[in-house]
Each structure stands twice: as structure tokens, then as C-alpha cells.
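Quick one: the structure is below, questions incoming.
Order of writing sets the chain letters: A, B, C and D. Residues in each chain are counted from 1.
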Amino acid sequence: MTISRRDALKTALLAAGSTLAAPAIMRHAALGADPIKVVGIHDASGGLDIYGQPMIACLDFAVDECNAAGGLLGRPIELINYDPQSNIQLYTQFATQAATKDKAAVVHGGITSASREAIRPILRRFNTLYFYNTQYEGGVCDRNIFCTGSTPAQNVQKLVPYVQKHWGKNVYIVAADYNYGQITSKWITKYVREGGGQVLSADFFPLDVTNFGPAISKIQAAKPDAVVSALVGGAHISFYRQWAAAGLKKQIPIASTTFGGGNESILLSPAEGDGIVSAFSYFQEVDTPLNKAFLEKFHAKLGAKAPYLGAELAMRTYIGFNLWAEGVRRAKSIDRMTVIKALESGISLETPAGKTTLDPKTHHTTVDVFVAEVANHGFKVLETFPQQPPLDTASVCDLAAHPNENKQYEVDVKI
Amino acid sequence: MDYAVVVALQIVSGVATLVIVSLGLAVVFGMMRVINLAHGEFLMLGGYTAILSYGHGINLWLSILLLPPIAVGLIGAVVERLLIRRLYGRMIDTMLATWGLSLAFIGGVTMLFGNSVTGISAPFGSFAVGRFHVAGYDLFLVAASVVMSLVIWVVLKFTPAGLIARGTMQNAEMAAALGVAPDRVYAMTFAAGAALSGLAGGLIAPVSGVLPTMGTAYIAKAFITVITGGAAMLTGTLVASGLLGTVSTVFTFLTTPVFGEVALLAVAILLLRLLPRGITGRFLRRAL
Amino acid sequence: MSVLLATEGLQMRFGGVVAVDGVSLAINEGELRCLIGPNGAGKSTFFKCLTGQYKPTAGRIFWRGRDITSLDPFAIARLGVGIKTQVPSLFDGLTALEGICLCRHSSEAEARRRAMRALERLGIAALANRRVGLLAHGQRQLVELAMVVAPEPDLIILDEPTAGMSAEETSRAADLIRELNQQHAIVVVEHDMQFIRAIARTVTVFHQGRVLMEDSAATVFADPRVRDVYLGKAVA
Amino acid sequence: MKTVIQIAVALAAALLGAWLLPRYLELFTLINATVFVSMGLLALSLGLIWGFGGILCFGQTAFFGIGGYTYAVAAINFGDTTLAVPLALLLSTAVAAALGYLMFFGRISDVYMGVITLTTTLILFKFANSTAGDEWNIGSAPLGGFNGIPGTPPLNFPFDPADQLAPDQVFVVAVICLGVCYALAKLILRTRFGRVAVAIKENELRAELLGYDVRLHKLGLFAFGGFLAGLAGVLFANCVFVSPTMFSLSYAGQVIIWVLVGGIGTLVGPVIGCMLIQALTTYAGTLSSIDPNLLLGVLFMLSVVAVPKGLLPTASNLLARLRGRGDA
């Protein structure tokens, strides 16, 4: 961590200033100012490690990049990573620790919506700013949280028309059995009906289910034009494996709102994975100059250990950190409310995933959305939709008018 | 009509999976009365052996059918000598020790192979039943379960080793009096049970993803099947698997996989309540 | 003297084997009855039907005229029946006094008084605070007898009380039984002939699940068939 | 006499802990301590019914979870936790009594009883895991399936929903509950009902032949165990939150291990065993070099081989031998 001479002078002045204000804080070496604590909570082990590991790598990369540029407000960023091992109780424990013990300036984390809903109330109760950088089912309206991932109005709303145009109207939904799977299935149903099609049935599977034999037979019996999957986690990958093993890939194509978020496309053989279509606000194969530059630096730094970024989740974590950093620079402080007001003043960044703008009313982001197909362990981008606003959350949430709102709205659709 | 055939096939493969998963425990718990809570982890170790050997280019059939039983059998022998040997007759201590063993295996494998889900794509492709497609591997599992059961039946019934093992389990002192070394028989039987579990792990690896905690999904079902089966080790396990496997798959078709599992557990409780000593405690008492 | 306990055509079948085949007998208040017969004659099975441990497959049991055939052991015990099993069953972890204090009673003090009296009657007051698990076999038998006697039951049923006792202990047990008989009716299931001769008045002989004969001790011992039954010869 | 001293010591320790610790411990450690205390109460419940009643129950977490879920659902619907707590305790006790009736009046043997109780908690785990859909909402409270119920409202002062307890106050309530429950358990073991339950563990047949309805006594003790576990569930819901993991196989196994390592046949042993192992698990969680499961697994194996009767009894025997007193 090299600090240029000019910054050293500035830091010294700041350090001197803060010493007078609160002597107790001066634990660090006299030269470097007190580091800003940033906490990352992502599953590095357990069934969700396929999402967590790339996200942690990107967050580390973003913090190193920021520190290399002199940190924020002249202070270095200290990143603390916790691994909840895909166990919700550890999520609450680490969120409490981040808020009460580490006194973090911001927490980036939570992969499944279950873990987000577990730590959101805690971080709100202990007044710690929270960034949730994963695509999810939308509708969270809470001034203390910023959701930088895409929501159904952005990804499902592009995926379903593609399916209905190329494969047929009627679909069969298979989804993970928790709030993400349940609510996303409702959005899929909404858009399928708007496209003139019908959802033949929706089956929900707990995260630890690995035997999909009976389900595959039921799907065949229903004879859908396509299967839309909102399955999540390592265990559910065996659905795609068993689907290919039953030789159905040629008969009934699959579209998914989650496939690609982790390294699924690498784990499955091309025979099992190719042809699966998904829609996200970023794929590693998106060819923009910024993305190419980012990937070069990323692979240069991590070399062989650099994980495959797949779709959105890892990149949104990188962008989420930079959005927060931009907010701190504008606020010239790390105080929660000041940073929130700065973030609500309309921040827009050019990122490897295209232009990302923070919407003040919903704390969600307007992003480019891509529809892509799995091809030989990677993705082939098929369609691009620039600057899609988070319409679903915007229709129900206005934090400017109701700043104390603390609720997750659900779309009112019966499957 | 062909949908009914497919459903029937699913039921049979559900029963077969339950048989395969429970046979190893039937030997260890059914015969030796050793409560082995690490049975699920023996399965997991079999799965990893299959994946690693297949990954290093060894022929699929060797890596599924041959290597897992050998590897896990050896591990079983070592475990029996170091740990289980001291605990014969102390049921609760065996339970705690094998629970510790299962945690240690999960932790060790996580450190060695990381935690991501790996798997083998199932061989045999698929075949059509009317307009339905069914994975060929399911039928292979059914065949495997039949062969495993037959082999155990033949070994126990007709070979001297089987007779000695059964005798020693029932009365170790008398067996010793007849010149049999009970310690060696216990070691061999436990290793055989572990080998069966390893084979089961190898067989189900292509169907379900292999990860360090995969054992926990099977430990409860295997135990309940063996206990509901009752005293006659082999017949009991087969009958219980047939009953519980069918119920669970039928309910999975009617409702969701979760209620399939719940139905299996509920029927097990009902059976235990009506037949306190298991199915073969009442019927088929003279069976093996 | 009224009938205390009676059985009518009692039968106990295990699958094909009929252990007790239509046994009818009656025990009066204060009587001392011995049930004798070779091993496997059905004595212990009959005992377990009386105590409710087995539910008889046919026939009925009456207590003071009331049908108690299907009652559980605890309900039978509450009627005032003290039961001592063949294998001594005691509370090894507790001391002799703690165990006996558990007999059913109105209050703590009452229980303690009865317990001490029972120990004194059996001459083992010294063992009161000793842990039962550490006592010798003979002492354990006496503690169990004390436990049975403490609630002052109307009838005591003993299953082979002299099992594992030395000759000297057996004769002392015989005196004890005669002394207890002054207050309680007693039924003793036994096959030790010396012990029976020492205490017996009326004797019922069991053979292959049926009552072979029932008469005064003297007549029974003189009868050649009883000797044959014990030597395993076929009997008419 | 010995019991009175033990109860006095326990209550004193509880009051002291409740008064002093909130002053010195950091908020985060305090919340963790509350989790340990609620687990300690769960360990106490199993220590009582297994150690003293001889009832081998593998599914004590079933009542733990029922207590937690009932509390959460009732508190959300009523908007006030005052009635939610008694309802949670009532339901967990009732379910324990029902399960007890099914088992004890069926004269089920130990091993099968272990299996039935384990199966019960597994059924509840799988069921709770599948209640994510809207159709599973009870009143205004979503059961939430895999997510559990994150919005579980903390305890509030009786009939004053606005005044919710702060984490340190929850800690005080938890410690007092543990102290009182320990005293209650000790007292019950002094009553005739308790002594008969212990006698039943020593020799079930003899107890029955003395005229005691063995099934009823076991049922009573088992239901009381359900009550304690339900209360532990309510406390757990206040410092973590209610989720299917409360029923899970891993918790069910851990409870048994706390009692075994702490020492069967004592009440304070399981509580100490629980706190020791919980502290170790949390510490092991922070080590990145070694996997916590490996550490715990090896510990349990060693503890079985080296300390067969559990920590507390072995320690007390050692102490007794040192002082030359020792029971005859």
C-alpha cells in the first residue's frame, strides 16, 4: 500500500485533527490515519460457495484498487471478510459483529434473499449502512439498504419474451423453495401470461434436494414448450445434470433466472449445459472496452486463481463497492446518513457492465441487461437492452416521500 | 399408460436407492448392533473415491464399482481397530464416537477437496418409454441393488465366513470357544459394512452431486429403514425399503419432494408404534 | 375365611406352545400356598400372569371376587399385592432405605416409619444406608423382601426366593416366611424341596402347564407321581 | 440438605451473572452469551429427562423449535409478546405430552424411542423448510420456510408492546430463566414424583411392582422436559431468530453431545458441557486454518475414549479421590 508524499502530508494533518477530537481512537501507527472498516459477508463454503468465492475475489480486488488510489478521504480501507458457511444463523452473528464490534462503515453481503432478510433488520437496528449486490426478487423498500443487483422487471422481463418468441408460450417453473424462488416464480407467471402463455405448473425444491427424478417425469407429462428454472445453490445443479441424462435437452429447452450466477457453466459438461439461456445485468463475455480492461487487470493480479465471473453477482459486488466509495467521496464523510444523502443525489458510474445509475427513490440501479446462452463452459451474448430502470420496485417504493419505510413488497400474482 | 410405467420405474428406482444406501448399515447396525452415525460419511467417501479416480482417467466402471468399496473398506478396518474396538457393548459411547467421526470426516474432506459440488455425468444416456425419456442409469441402480442383496444373502447363508460372522454376532463367547477369533470377525464384518457403504456412495455419485455434507441426507433414512426392518437384517431392510421407498416416491409424485420425505418418516413412526420390534420382529421371523 | 385370589381356567399360549393350560386355583386370606413342579412346568409363566406381566390368552383372575384379568402390574400391586420376582429387581443406585421409602403411602414420615419397621422385621436395619448395588446376593434378597413387605400388603407372591441362597440362608428364609405369614397370605413358587418341606401347608403341583394335584404337604410328598414328575418319567 | 445448597448456589450465580456481566461484556459478546444460555437450558432439559428419567430422546430440538416458532408467530399476530410466551410454552409441553403418550403407552424400548424422537424432529425440520409459499402464512406471520422468520419481535415488558427489551435485558431474563429452571428441576427431583422417576430409571419393573404407573411418570417428566426446551426456544428466538435449523439434525446431535460430554446423571454438567462446546465451536469457526468440524469431531472421539463418563463426573471423582473421601 504506497501512499504518495502529498497524501502522507494530508493524512498527517487529518490524523493530528482526529487525535485532538478523540484520543482513544489513536490505536494505529502515527503516520497512517485510522482505517475505514468495510465488512464483507459472503459464503466461501457450503452449498453457496459457487456464488460466494467469485464475489469475495471481486470485493478484495475493488478494495485493493481503491487503496492503491489512496483510499477514501485519505484513509485506507480495511476489509474484513466473514464466511457464514451457508448457515443463516452465522449470517446474523457476523452482521451483529460487524455492526456492534467492528463498527463497520458499510456491510456488503448476503447472497440468498434468505440471508439478506436475516441481516437487513439487524443492520437497520444498529444503524450500519448495507449494500446487497445480488440479483433478487425485488420490492425491498428500506432507506438503510442499497440493492445494486438486477430485479425481475429487468431480467425476467427480458428472459420470458425471448423464451416465448423462440420456443413457445407455455412454460413449467422449477424454483428454489424460499422467498427468492417463490416471488420470482410469480414474476415469471406475470410475464408469461402477459405474453399470452400459461404456466403449466410450478414445483418448489428445498436447497438440499439432489434427486429430481420424479420432478423430471412430471415435467415430461405436462409437455411444456420450455422449462424456466429459478433453482439456487450447488445441490440443484444435479437437476440440469439429470435433465441431460434423461436426454431431454434436445426436446425441451431450459431458461433460468439464476444459471450462471456461480460457476455452474464450468461444473457442467458442455453436453449438459450448452443451450441454457439466462438474462443478467453482466456476463464476463460482454465486450465493452471497460470490461476488457477490467478483466486484464483482474487476471494479471490473480492469475490462475482468478475465478470465472459468470453472470452479474461478482461484478455487481465490485460495482457496489465503487458506488459506495463514490458516495463517501461526495459526502466527504463516512457517517451513515451523510453518505445515504450523497448516494441519493443521483450517482452514475461507467462500469465494465455499462452505465450504472443509482435511483434515489428506490435505492436500486438502472443497468444494461443482456440475454445470453451457455456455450462451451462460457456464455454467448444474444441480446442487449441498454439502461433498464428498476420499474417493479419503483412502482411501490418511494423513499423520498416515505423515508422510514421498512418493508418488502411482493407482486400480487397467483400461480 | 406410459406415464404409469414411468411412475412405476421411478418407484422401483426410489426403492433401489434406499436399499443400496441402507445395506451397509444393515450389516454394521443390523448384525453388529453398532450404531454408526458416520455411515453417511462412508457413503460420501465412496462418492469422492469414484469422482477422483474417474477424474484421473480411470475407467468409469472401475471407479464406481471397484475402487470405492476397497477404499472405504480399508478406512472402515482402520476405524474399527482404532475406535470401534474399544466401544463394543457401549451403545451410547459408540454413538457419540461415530458422531465425532462423521464430523471429522466432513471437516477433513472439506479441507482437502474444498466444498464445491462435483459430479459425474450418468452413463447409459436415456431410453424412451412411449413419449417419456427415462435415464438408463436408474435401471442400472435397480440391477445393482438386486445384485448387492443377492451377494450378501449368498455370503451369509452359504459361505463359512458368513456363518462364522453370524455366529460370532449372536454369541461371541461361544464362537471363541469354537476356535474363532471374535476380534478378527468383528473387524472383517465392520470393514465389509463400510465397503458396502463405499460402494453405495460410488453408485449414487452420478445421480446426486458429491459434496462433503452429502452424507447427512442419507443417514436418517438409512437408520430408519434398518430399524423399521427389524431383527432379520437382510429381509427386514429389503421389506422396509420397499415399503418406505414406495410411499416416499408416491407422495413425491402426488405432492412435493418434501412431503415425500415427511411421508416416509411418518410411516416409519406408525410402523414402529404398531410393530415395536420392527417388521421382521413380527413377520418373516425365521428369515435371514 | 374369604377367598383372596382365584384363577379360573387360566391359559397362556406362546404361538404353538401352551405354557399354562386351564389352571384354576384359589388362595384364602392368610394362607401359605406353595406352587411346585419341575423346571418348565409353567410355574413362572403362571406367576407372571398373576402379576399382570403377561396378559393370559384365556381364563380369568379374581381378586376378592373382582375380575382383574387385564390389569397392569402397577394396578395389581395397588390392590395390596407384594411381588418379588425371581431375578432380584432393586434400585441399585439408591440406598436400601431410600428404595423402601418409595413404597406407596400417605406421607413422607409414614413411609420412613414403615421402611424402618420392615428393615427391622427382616433383621437388616444395619444395611439401611448402604447402596443396594454394593450388597451381597443374600442381603439383596432380604432388602427386596423388605421392600415388598413395607406397604403391608394382603398377599405376597414370591418367585423362587431361595434362588442362589446357601443352605443356612435358605433355612433362615423359611423361618422368615413363616413369621411373615402371620400377617400376610403368601404364595411361593419354588422347586427347592428342602425349603418347601420346611414351610409348606397346602401344595399345588404343576406339570406341563396343568395342575397335577393339590393337597396338604404330607400327602403330596408321599405321592409317587410327584417323585416321577421330578425325575422326568411320564405320568398318567 | 445438599439440594438446598446446590439450588442456593445456582440462583446466586445466576443473579450475580445477570447483574455483573452486562456491565463488563461488549454488546456482541453479550448477545452470544444469551445464545449460550438458551442452549444451556436446552441441554438442561435433556440432562433431566435422560440423565435422571432414563428417557433416551434424540428429538429434544422438536420442542425447542416448536417453542420458538409458536412464540414468533404469536408475537407477530398479537403484536405483543406477553401472551406469546405462555402460548409457546403450552404448545411445546402439549406436543411433548402427546408424543410421550404415543411412546410410553406403547411401551416402546429405548432404541426405538430414540428413533421416533429423531424422526419427529426431522419431520418438523423438513416441514418447516417447505413453508416458504404464501399459503403457509398464519395470520399476518409468514412461516418463511428456509428463511425462517427474521422479523421475530423481541420480548417486551408485559402488556407494553412499545417497550421492547434491549439485548442486554434479554440476557438478564435468559440467565434468570436458566437459574430458576435449574432450581425447579432440582426441586422436582426431591418430590416423590421425581424420586419415582429416578427409581424408574434404576429399575422400571420394580417401580411398577411397587404400584407406580411407570408410563404416567415418564410422560410427566417428558412433558416437563418439553416445557424447558420450549422456553429455551423462546429465548433463542430473542437473540438469534427462528428458522428450520432449530429442528435440524446438527442441533439434535449437539444437544446429545453436550449432555454426554458434560456428564449424564448431573444437571449442571450438561449446561457446562454446552457452554464449553459452544465456545469451542465459535472459536473454531474463526480459525481459517483448520475446519471446525474436524476439530470438534476429533474432540468428541477423544472425549469418549478418555473421559467415558463425561467431564463433570470424572472431575468430581478425581476430586473425591484426591481428598481421600470417596463413596464406599
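As a convention for this text, contacts are C-beta pairs under 8 Å (C-beta built on N, C-alpha and C of every residue); 3 or more make two chains touch, one makes a residue touch a chain.
Here the structure is a predicted model, which means the values were calculated and not measured.
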Going by the contact rule set out at the top, which chains touch both chain B and chain D? A
More C-beta contacts across C-D or across A-B? A-B
Most distant chain from chain D by Cα centroid: C
How many angstrom between the C-alpha centroids of chain C and chain B? 49
So, in whole Å, the Cα centroid of chain C is separated from that of chain D by 44
Compute the distance, rounded to whole Å, between the mean C-alpha positions of chain A and chain B. 40
Could you tell me the distance, in whole angstrom, between the mean C-alpha positions of chain A and chain D? 38
At which residue positions does chain B touch at least two other chains? 110, 256, 258
List, in ascending order, every residue of chain A touching at least 2 other chains. 177, 204, 206
I need the residues of chain C touching at least two other chains; which ones are they? none
Using the touch rule from the top of the page, what pairs of chains touch, sorted by label? A-B, A-D, B-D, C-D
Quick check on the complex: what are the chain D residues that touch chain B? 102, 106-109, 111-112, 115-116, 118-120, 122-123, 126-127, 129-130, 249-250, 253, 256-257, 260, 290-301, 303-305, 308
Of all residues in chain D, those that touch chain A in their complex: 26-28, 31-32, 126, 129-130, 132-134, 144-148, 150-151, 240-241, 243, 245, 285
Chain B contact footprint on chain A (complex, rising order): 45-47, 49-50, 177, 203-206, 208-211, 213-215, 217-218, 220-221, 234-235, 237-238, 241-242, 244-248, 251, 263, 267, 269, 271-272
Please output the residues of chain D touching chain C within their complex, sorted ascending. 192, 195-196, 198-199, 202-203, 205-214, 327-328
The answer for chain A against chain D in the complex is residues 85, 87-90, 92-93, 96-97, 100-101, 113-114, 117-118, 120-121, 177-179, 181-182, 204, 206-207
